[in-house]
Amino acid sequence: MLAYILRSLMQGIVVMLAVAFIAFSMFRFVGDPVVNMLGQEATLQDRAELTERLGLNDPVPLQFARFVADAAQGDFGISYRQGRKVSSLILERLPATVELAVLSAIFAFVTGIALGVYAAIRRDGWIANLVMALSLIGVSLPTFLIGIGLIYIFAVELRWLPSFGRGDTVAVGWWTTGLLTTSGLKSLVMPVLTLGFLQLTLIMRLVRSEMLEVMRADFIRFARARGIPERRIEFRHALRNTLIPVITIAGVQLGGVIAFAIVTETVFQWPGLGALFVNAVQFVDVPVMSAYLLFVAFVFVLTSLLVDLVYVALDPRLRSGNPAMAK
Amino acid sequence: MTVASTPPNPPGRLARIWDSDIAWSFRSSPVTVVATVLALLLVAAAVAAPLIAPYDPFDPASLDLSDGFSRPMVPNEITGKVFWLGSDSQGRDIFSAILYGSRVSLLVGAASVLFSLVIGVGLGLVAGYVGGRTEALIMRVADVQLSFPAILVALLVFGVARGLIPPAQQEQMTLLVLVVAIGLSNWAQYARTVRGSTLVEKNKVYVDAARLIGLRAWPVMLKHVLPNVAGPVLVIATINLALAVIEEATLSFLGVGMPPTQPSLGTLIRFGQQYLFSGEWWILLFPSLVLVLLALSINLFGDWLRDALNPKLR
Amino acid sequence: MPHEDTAPILSVRDLTVEFVTRRGTLRALDRISFDVARGEVLGVVGESGAGKSVTGSAIIGLIDPPGRIAGGEVRLAGERIDNLPPEAMRKVRGKRIGMIFQDPLTSLNPLYRISEQLIETIRVHTDLDAAQARARAIALLDEVGIPAPEKRIDSYPHEFSGGMRQRVVIALALCAEPEFIIADEPTTALDVSVQAQIIALIKSLCRERGTSVMLVTHDMGVIAETADRVAVMYAGRIAEIGPVRDVVKEPLHPYAKGLMGAIPSLEGETPRLVQIPGSMPRLSAIPQGCAFNPRCSQVYARCHVERPELIAVGSRKVACHLYDTRSKSGVAA
Amino acid sequence: MKARVFGLAAALLGVSLLALSAAEARPLKWAAAGDALTIDPHGQNEGPTTSLNQHIYESLTERDHTGKLLPLLASSWRVLPDDPTTWEFKLVSGVKFHDGSPFTADDVVFSYERAMQPTSDFKGYLTSVEKVSKVDDQTVRIKTKGPNPLLVNNTSSIRIMSKAWAEKNNATKAQDFKNKEENFAVRNANGTGPFILVSREADVKTVMKRNDAYWNKDKVPLEITELTLVPIKQDATRVAALLSGEVDFVQDVPVQDIARLKNQQNLRVNSGAENRTIFFGMDVASADLKGDDVQGKNPFADKKVRQALNMAINRPAIQRVVMRGESVPTGVIMPPFVNGWTKELDSFPAVDNAKAKALLAEAGYPNGFSVTLHCPNDRYVNDEGICQAAVGMFAQIGVKVNLVSQSKSIHFNLIQKNPPETEFYLVGWGVPTYDSDYIFSYMYHSRTGSQGSWNATGFKNAEIDTMIESLSKEVDLPKRDATIARLWTRLKDATIYLPIHNQSLSYAMKTSLDIPVDVGNNPKLKMVSFKGS
């Protein structure tokens, strides 16, 4: 089991390095930070000077080595655009994205699993069919359209919910939270719905099909043959077995939540990392962009590690030390 | 007992297809039939756009700025021209733009699906057949790829391409870049499926037998593996087509999609979105509607296909 | 009509199971009738697709849609159970009828400990509290031959070998002391070396408790050694049913004759090794009259027209026009 | 009786107290499309940055919303009669910084020196300055390298910060990107302005409170008690925020939404011209273009081709449809506020496709040619729409244009690279000095040294260069104006750029406000007074 987790960790490090290389190289060669830093009025000489000072003339491997060494210490340099440490920018924006992503994920998971289980159990009921049909519409609706639609209905026409931003936040240490104020909570509603909707539909469909699959398994038949009540079979025997593959895919989907946060945060002007990234792309703010990429990779490594741990907790076959036996 | 439905004469090929389980399950699902007809209509309209569309929205010379912002079915105040679904800020006929736009969207979608299919199936075969480190590497890359959100991958690919292609050629290359960007973000599922199937086939006796008598095992395996994976791959491809169309729209929404002179559905929506409050609702509504209908009908078809090809779920 | 203890524990009459498909209704079971006496082991043999497993599922009420019981009745100790409401039927399952499945590897929920699965089943059917249920579970494991049961009870299924798992499955099937056990190919998935042990275990446990068994298998050898009576099934019908000794030694039905040819005889004298030409028809293409007629070497006109009913011939019953003493001329009985 | 009077007085007092407390809390939420890049007063010379910073930091002079130069921290100024290279500024007395310290000549000297450092983005305004020195606490002298009659025009852009504060917090250098440490002045501010910085989260919001000790409070309304700037990038979201009442004032109103906002009972829309011209630039110098389909020739090098293109642009149609009237078509790359502007220069040719085609044929392109046009899609009002419309118009005369539209960061990069990586591009130019010299030296002077850095056309004319350079040394204003006029006549004839229009601006706000459009697009919110109530 330890070896299993260690292996996941090692893989994580390799992934991080690979992403670091991508982050470094693509932004090294895309766009020219010098022009963006110096503004419109800079002279040619100014530009040459700054290029030299930023080390953009050094050999590329040296630049990469410097990049990795710095990044490992949490030093992503100073934002070209804001003149502030990227690490502190990321920390400042982190709470907004984390609150949005985690709430969306919870919303997607809880609702998705509940609806998926319902659709599987009542697979021929009209509500289940309606839910399935709606879920397909959900899959077919681009995230940004959902966001725009929600703003139009709830912010402009009905004026129930704020159209942008986080509302009032409360600082708890360095963390800022919107969960403790009414306006903060109201501000969360539409972004969370927008961001969670696609994941919800995916998880729901996944749960339904996995559950239908599990419900045909021999051990379910055997449990029935032993007279175990149907409710118990569904929620005790089938659900847990359903959740194992669901958690793998759902863990992967969390990465999707982070990425679609780019779109959601753009639409709702949500002051999170996605918006920071989009703004950074606008201004070719290299340090911020590479830090964001590494952040996404880190989230991936973290979630796959978490998924592995949840696996261990859920599947006894892994705990006894032979991961090969679990499929 | 005998079942009465056996036809008296040996049926023809078409009749046999009509009578097959798949065709029957298709016929008996009205939603699927409607969705498929709709999808086919949209695809046909897109393919035949130059024949159907009253204007060529890609020809800038045909645009007259004075036609701008005509309401649907209402003659333009200045030029008196009537546009069925209205016109946009450039005087572009929305109906024609949608036809041509879905053509672009579908082209990008289909080409990127083909691209990821070829890569995915190829890598899956190699992984399953060669095994060892190659397999571990390929599958690991696939894992990472699967967990890296498609939009982000596509943005990155797009960014890299933008940096590598000289600005003068960028417009012509945009379509290709989009195809690669979206294609590269979706190959892993194919690889996984094909690898699984290849592993199963690899251990079958005939592969060993073929090797023993000195035949190359590859072609033999291909003959067995490909039919086995055809079903799941088709399902993934269908659903990915819908995904790719949406992805292209999202990229265009973020401003890195098709150029405004050759708008895809996503680009049209990006334009239309500016007019959300200004009263020119048709610029946003119609392209959005077509995009959603297109994705939905393809999804419905894919959904049915998955269930139909997976007898366990029937 | 009152039933005494001497009445059969299970009585099946004209049981018909149909599957509705788009190509019409397929009959998986076509009016089968048989009894199982208390304490008796009834073997059910036949090729795959003959309806053996469907019979078991129909009795315990676990026919999955689109299948359904289309006719006939099933009585357990005289009480009709085929038309019970779902909740009542659930209480019959496990409590009065137990079932053992083919593959012990997949019959157990891999995510729960043996103890959890046993205690759950015991508590569903009895008023025992958790501790009592656990004690009973340990006792049961001991009975089915799991060594050190108080330790192993908290193991997960994957920590057992196949044979051991099947013992756990047997314990699970027996844990509410059912009167009747359906064992659906209980040894097919097991190593040859443990097959005999498992069969012996089932037999001894049931004998001790006076539990009746319906043993479904395609292995005539197992039947010959274990069963009291045997039913030979073909294409959803019973071809022949009777005491195992008679049927094995001297089968009457042409199909049974062919089937018995497949039993390796210990004595070495194998007078007939009959190969039956052809294969069992698909359910969608069962011929009119006797279902076996296309493969039967003794077929005659009546076989194509009229379905043979089970008729008593000595100690057994056989569904073949050859044994209809009243008429060979094609006149319906 | 006495009691009644007392009661009345108490009631009156109560009412006035109420009015006072109502006046006390007057927050204003101000939405703009982009955020300030920094609050370092010398960090970034960029529109949105100036819009914010001018509320915290003040300059010696200021411009009102019409662009008129007014005294601010300097009460008066003059060129020394005996020395045309030295300007003298008299400072207002009794001014205090937000931290309570007094404003003196030392702060002015320090701030100008800071703005002249290499890391400052404002050194371009002060290239002619040789030395800034203190005469006494209320007097400062600026010595220029040669006579610079227009120096005072540049002083409205140089904001003054506290010397003591900057030294104490190690912020004596303007924003420095090489530095691994954050500059204190990037997140903190201490100016003399009407508003005091409370908190700032870049791209999220910046909160300021009223400076109740503002030195100039008797001359301006200064009614806003709390000023919050929220950047909202998406057009729809920004408009939605105003419609739903979450913000009070939107600085960047998308042209398509003006009509709807005007129809709202509770909203007011003010429109006016901005000090910014939008135009196309072309590579007129290269021997061959990479992005065209003509081998071995550069069609743009031929003036006839440029004239043909100029003739094909239907400026009124762009104004009416793309800009919905929110622009003024122009024939010169200079807004009317700028010294040197004339009506004649502003005239543009009528659309004449036949003549344009004839010109093309004369130049040797009877069937036209194809080129690539680069366009920003997030910088100017409907920039992408303008490009698209132009593509259609050029197509009418047979010039096939491939349009590449992208974010301003990439777009400006193409223009500023040396050599430029674009051969045909859209750009907009504002003139903060209100003088033609600013346009000449950035847009027409050849790329040498600090000159011509935005001239990506390759246009190079030694005679013109000399004339441009002479402007900054010419003390005789009428003579200088004559040079400007001569320059414009020649340059307009050369048709190096294709002017489209001067951009208009619209501000939308709640009806309780009436904020006039600022030509520099730097609304002065200290001037806001609430109506009604």
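Order of writing sets the labels: A, B, C and D. Residues in every chain begin at 1.
Methods note: contacts are C-beta pairs under 8 Å (C-beta built on N, C-alpha and C of every residue); 3 or more make two chains touch, one makes a residue touch a chain.
Worth saying up front: this structure is predicted, and the values here are computed from it rather than measured.
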Measuring centre to centre, with centres taken as mean CA positions, what chain is farthest from subunit D? C
Please give the pair of chains with the highest number of C-beta contact pairs. A-D
For subunit A and subunit C, what's the span in angstrom between their mean Cα positions? 53
If you average the CA atoms of subunit A and of subunit D, how many Å lie between those two points? 39
For subunit C and subunit D, what's the span in angstrom between their mean Cα positions? 90
Which positions in subunit C are in touch with at least two other chains? none
Check: subunit A positions touching at least 2 other chains come out as 31, 148, 152, 156, 266, 281
Residues of subunit D that touch two or more other chains sit at 236, 240, 243, 378, 407, 410
Any idea which subunit A residues touch subunit B in the complex? 11, 14-15, 18, 22, 26-27, 29-31, 133, 136-137, 139-145, 148, 152, 156, 209, 212-213, 216, 251-252, 255-256, 258-260, 262-263, 266, 278, 281, 293, 296-297, 300, 303-304
Using the touch rule from the top, collect the residues of subunit D that touch subunit A in their complex. 37-38, 40, 43-46, 118, 121, 124, 175, 177-183, 186-187, 201-205, 230-234, 236-238, 240-241, 243-246, 378, 407-410, 412-413, 416-418, 442, 447, 449-450, 453-454
Per the touch rule, the subunit B residues reaching subunit A in their complex are 31, 140, 143-144, 146-152, 155-156, 159-160, 162-164, 242, 246, 249-250, 253-254, 266, 269, 273, 276-277, 288, 291-292, 295-296, 299-300, 303, 312-313
Provide the residue numbers of subunit A that touch subunit C in the complex, in ascending order. 217-219, 221-230, 232, 236-237, 240-241, 244, 314-317, 320, 325
Can you check the complex and tell me which residues of subunit B touch subunit D? 59-66, 68-69, 89-91, 162, 166-168, 170-172, 255, 259-261, 273-280
